[in-house]
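Consider the two complexes below, in which chain A is the common component and chain B and chain C are the respective partners.
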Partner chain A sequence: MSRITIATGVPVAVREARRPSRLGQLLEKEHVLAGALLAPTLVILTLFIAYPFVLGIWLAVSDKVVGRPGNFIGLDNFRVNLNDSIFLRAFQNTFVYTFIATVLKLALGMAAALLLNHHFRFKRLVRASMLLPWIIPTVLSTLAWQWMFDATFSVFNWMLLNVGVISDRILWLGDGTLAMGCLITVNVWRGMPFFAITLLAGLQTINPDLHEAAEIDGANAWQRFWQVTLPLIKPIMLVVVLFSMIATFADFQLIYVLTRGGPYSSTHVFGTYAYEIAMRAAKLGQGASISLFLFPFLLTVIVFQLWYIRRSD
Partner chain B sequence: MAAPRYGGRLKRAVVFYIPLTVMVGATLFPFYWMVITSIRPDTELYNVNMNPFYTLHPTLKHFHDLFELTMFPQWAWNTLFIATVSTGISLFCGLLAGYALARLSFRWAAPLGTMIFVTYLVPPTLLFIPLGDVVKTFGLGDTPWAVILTYPTFLIPFCTWLLMGYFKTIPREIEDCARIDGASRLQAMVRISFPLALPGILSAGIFAFTLSWNEFLYALVFLASPQQKTIPIGVFTELVRGDVFYWGPLMAGALLGSIPVAVVYSFFVEHYVTALTGAVKG
Partner chain C sequence: MAESGGTSILDRRTFLKAAGAATGVAVAGGIPGIVAAQKAPSFPKGTKLNILEWVSFVPASDVEFKRLATEFGKLAGVDVTVDLINMNDLNPRIASAIETKAGPDIIMMISNWPHLYADGLADVDDLAEEIAKRDGAFYEHNQKVSVVGGHWKAVPLCSVPSTWAYREDWFKEAGASKFPDTWEELRKVGIELKKKKRPLGQAFGHSLGDPNNWAYSVTWGFGGTEIDEAGKVVINSKATIDAVKFTVALWKEALDEGGLAWDDSSNNRAYLAGTISATINGASIYFVAKRQFPDIAKVTGHGHMPKGPGGRFYNIGGQGRSIMKYSKNQQVAKEFLRWFMDRPQYDKWMAANDGYTVGPTPHWEKHPLWEKDPKLIPFREASRFGRWPGYPGVPSRKASEALVKYILVDMYAQAIKGMKAEDAVKWAEGELKKAYA
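Let's turn to the complex of A and B:
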């Protein structure tokens, strides 16, 4: 405990018998101090999260449109949604997008983490540049992708045409299924570094002796990965997957920038369709009911995560 | 470190260097594309027969156009102002709250900690419609304060969570010593614990700054007039007219909007990684 001497060296001692003020006395009590310290946070979170959340539920059961007060209409908005083919497509897309992108990010992120866990020259530089897609504003990098997927000037088409793999241009964003594939590609490109770097941090906590022991016992690299590495980083892997699932499920910007939900509204997800209805069509109530569809899934993931944290404590 | 021993150079190339090169190439290619697009003249950009990978006639015209046609400098200033102030607010709140939750014993500690963790996981997509109404009610619509006050909703929980974890690693005895020397509860906190938490504050600050620099949805919904926009919104909305994309200036703007965060990040890579992994582990 050598730090104690450093700490006591700091001149905080107030030895004079100065009587503390009433406020000072009050703040000596831990629960009063705690209240004071938490007040700013609680004010902001109440005003801008709790209150809008309640307001959102009210909007979802109202026929509010921009510029005029709404009336209570029960579950009509939800009924309209479930009869809307674009909404149902968005519903399906949200799950497809989340599931496929998360699986790919996990697989590639794990591969990247295993590669980065080796010693090689420029390792720090490589690791730092790996995170760039995650650091750079998503909108701006997605615009670069949009240009790379351009109908006429796509660089991928240029390469494929010149190599002779294709004879006609591919309209990357011109078809619902293909556009979905492009969205997932960009999402994986952007989100994979988060997996790689956090999993790498997990890998670095593994005691190398365990691997050596397994090797002496005759386990090959593949067996060592499944029997030693994976069980040890399972906790952090699970947490990363849950975080990423929430973010992917609630994604907006990547899809809105790359396809705007098109072509023919075939690539909407909950987020972009809620925006389309609420902001472009000015139907705030209807839009709020669409984003509320995110809630059950989010709640499930959050409850699972809290349960998992409690269990591992 | 469990660095596997490979049989030969060929094997190491196949299982290590080739995958590593492909991975780094795929990661960085879009950035190369931003750079090359921003310096190629329009006559080359819109010519399908030309090799798009390089140019023999680099030009700064797109950057010039970006500054002439749009309010890019104003957007850059807005983004910097908004990111700085909202990061400041979030660090202030997160520091106090993180300290209270890590150090003080009071009845509501556990449920409040859980509640802040839950708000950390609430995505902007769930709230942006009612929040737009709230922002309007408070008269903040189309002002920087609309986003400066709403970004902390996702920044504070993150900062609190990270700093709470950090305070737990600082031994309580250090404060106890100061208190024996006559420091008050508040003095011990401000003069002893806060300075020791400086690395944690820096990590949280870097991370919060990049998050607010990059934010899109709230800025898109709450900021309407061109002079109020941030870089991500401005580049996306003002350089696309109908179906016409001004790709040269667009990529120039994307590049200039990316460089500040990349520079901040490159100076503090280790702090950023600490924040990233700490945010997950808690």
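Let's turn to the complex of A and C:
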């Protein structure tokens, strides 16, 4: 507060306008405020995403083993991988597993979402129970599946033998192709609810008037699905497929519990093989290079899908 | 005299005496005095010791280990904690502990892990040699997996051998009054047993123990080996091809054909359910039978791994305990291991294991528990025939790579699925050359 004298000669107290603090002044600037708001996210991303990723790249181009500093060896690890028949099998398996499982999850998830979008009794209960496979810990549910596929005590075999469909037990996990089929089945069972619930959320945003209008115009159910429903939920569908593909590409628990890559290394995927090499053989560099083989493919998928979604918008 | 691991005998004695003076506990006479008194030494207040162990398949073993650790803690004035984790989780825990230089002071080592993690482990030469001097030389496999570059990187603690658990009554019916001594004899009995829908059982999947037990023991038994002493890959031999042909024939004639889909627990379940007549396993099948299926326990016997043209072999990596190089409590850790391996303590732990574990030296073959139950005798003797991954070479990192890639197991599995024995062995040769490059 200061005193000034005006023409009357009477001193008058005048409240000075409060000046913003230096921090306040800084935050007034848009680019500074934006930076401050983004900083926590950037720190978290740097610590937990960028650093491990860069470390992973460094490991992949080094001969790092547990307990010893690694030396830069360029692309040697990748060359070794490409000359490794088990790695090549894991490479093929990863794509087969991801592709088939994602397609099935999408198809079944869409069908379930369309059914759940109708009104029926106990709708909420059914929708909630639909999520069960997805929320049960993977290892727990996979152990239950392991029992169902057991060579001696399989409930599937018991059922099929008793109804006379088969005369001898099926070794679900004893044959490479069959074991891969079992892995895909369990993955679809576990992942389908995520598709169903997310697509259901998308379906519920569609204005029913559009369907009515199409119906009045003579479109049958199939045409309404292709011409109205699908284009409207395409963005959400692509996001779900993107998330699912990333998760399925990097799957580990399910396969490790059910087959551990066996029999005869026929069900290894990148995740399980990288773990064996990095953790059980202590070759961190080699293991990282196996994991990193995923990166270019995942990057391509992500870039393409994001580009497609943006274009659709 | 400098002692590897960063301490010296002189320093240690000075330390113990100082610690004894400070805490009022007599440690006069240094280590020999402690051993003679069979008491743990004392350490400054607040000293901690953390030990990482697996969850044993014999719960009483964990209980006794923890009890002994607590007893040591009280005697030495040390705060001892024992963490138990699943065997599958040990590798990642060890790797992260070594890389971050933080974690347990003592970690359990299985098979050739001391070779994998040698750079992160303290030397325990004096302790291992002291035990060997007292109890006799360690079994060869215990020694091979623990010594890296001429230094002991782990104190051999025990072995967990797998012998054949078999139905004595069914074998008798098939014409065998005792367990067959050779692979060929086993094949003959196995054929009879399978005809009666009582096949032998063996896993050929990718589980940790059983498939490798077969793959290595049978290959060695027929005279084949992955590498020679110099580390050169020599798997592609007539002996290995014979071993593969034998396995394929046995698969068709005598084994349960579910084995390709089995893990390490499948044979336990199948045996106890009466769907197989014999299988390679630790003593756990028998222990469970005694508790839950006494009728099966009564007719269960154990037989040695049969002999082949190359001899009788067990794939036993053995177990050790390592002191971590990063540990600030290496001295306490060493004293714990010294105290634990001393006869009064080890005797109790071994008794708690009831024959599941075998001591690291022949001295423990004289333990009274072996007299208690003659059915366990083959376990007592198995270590005499024990070999290690990479035998007769060094159980190195490369041997581990061959192991985790299941090269020998898959050689047999592929032949079982129809690949020609010669081609399967050639495939294994190619993969082993890459692993041992």
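Operating definition for what follows: the second predicted complex is superposed on the first by the 258 of 313 C-alpha atoms of A that agree within 3 Å, B and C clash if a C-alpha of one lies under 4 Å from a C-alpha of the other, contacts with A are read in each partner's own complex, and residues count from 1 in each chain.
The working rule: contacts are C-beta pairs under 8 Å (C-beta built on N, C-alpha and C of every residue); 3 or more make two chains touch, one makes a residue touch a chain.
As the structure is a prediction and not an experimental result, all values here were calculated from the model.
> Which chain makes contact with more of the residues of chain A, chain B or else chain C?
Between chain B and chain C, B touches the greater number of residues in chain A.
> Contact-wise, after the overlay, does A:Arg68 reach chain B, chain C, both or neither (first, second, both, neither)?
It touches chain C, and chain B stays clear.
> Could you look at A:Val241 and tell me whether it touches chain B, chain C, both or neither (first, second, both, neither)?
In the superposition, A:Val241 touches no partner, neither chain B nor chain C.
> Touch check for A:Phe153: first (chain B), second (chain C), both, or neither?
Both chain B and chain C are touched by A:Phe153.
> Contact-wise, after the overlay, does A:Gly56 reach chain B, chain C, both or neither (first, second, both, neither)?
Touch status of A:Gly56: first partner only.
> Touch check for A:Ala282: first (chain B), second (chain C), both, or neither?
second
> Taking the superposition as given, does A:Tyr264 touch the first partner, chain B, the second, chain C, both, or neither?
second
> Scan A:Gln253 for contacts with chain B and chain C and give back first, second, both or neither.
The answer is first: A:Gln253 touches chain B but not chain C.
> Using the superposition on chain A as set up above, list the residues of chain A that contact both chain B and chain C.
Touching chain B in the first complex and chain C in the second, residues 150, 152-153, 278-279, 284 of chain A appear in both lists.
> Taking the complex as given, what residues does chain A use to touch chain C?
Listed in rising order, the residues of chain A that touch chain C are 65-68, 80, 83-86, 149-153, 169, 171-175, 179, 259-265, 276-284.
> Which stretch or stretches of chain C touch chain A in the complex?
91-92, 94-95, 98-99, 116-120, 204-207, 256-263, 266, 269-270, 273, 275, 397, 400-401, 403-406, 409-410, 413-414, 417, 427, 430-431, 434
> Within their complex, state which residues of chain B touch chain A.
Going through chain B, the ones touching chain A are 1-4, 16, 19-20, 23-24, 26-28, 30-31, 33-34, 37, 45-46, 48, 51-53, 89, 92-94, 96-97, 99-101, 104-107, 109, 112, 114, 116-119, 121-131, 133-134, 149-150, 152-153, 156-157, 160, 171, 173-175, 177-178, 181-188, 191-192, 210, 213-214, 216-217, 221, 231-233, 235-236, 245, 247, 250-251, 253-254, 257-258, 261-262, 265-266, 269, 272-273, 276-277, 280-282.
> What part of chain A is in contact with chain B in the complex they form?
1, 3-4, 7-8, 10, 12-15, 20, 24, 27-28, 30-31, 33-35, 37-38, 40-41, 44-45, 47-49, 51-53, 55-56, 59, 111-112, 115, 117-120, 124, 126-133, 135-141, 143-148, 150, 152-153, 155, 158, 189, 193-194, 197-198, 201, 204, 206, 208, 211-212, 221, 236, 239-240, 243, 246-247, 249-253, 257, 270-271, 274-275, 278-279, 284, 287-288, 291-292, 294-295, 298, 301-302, 305-306, 309
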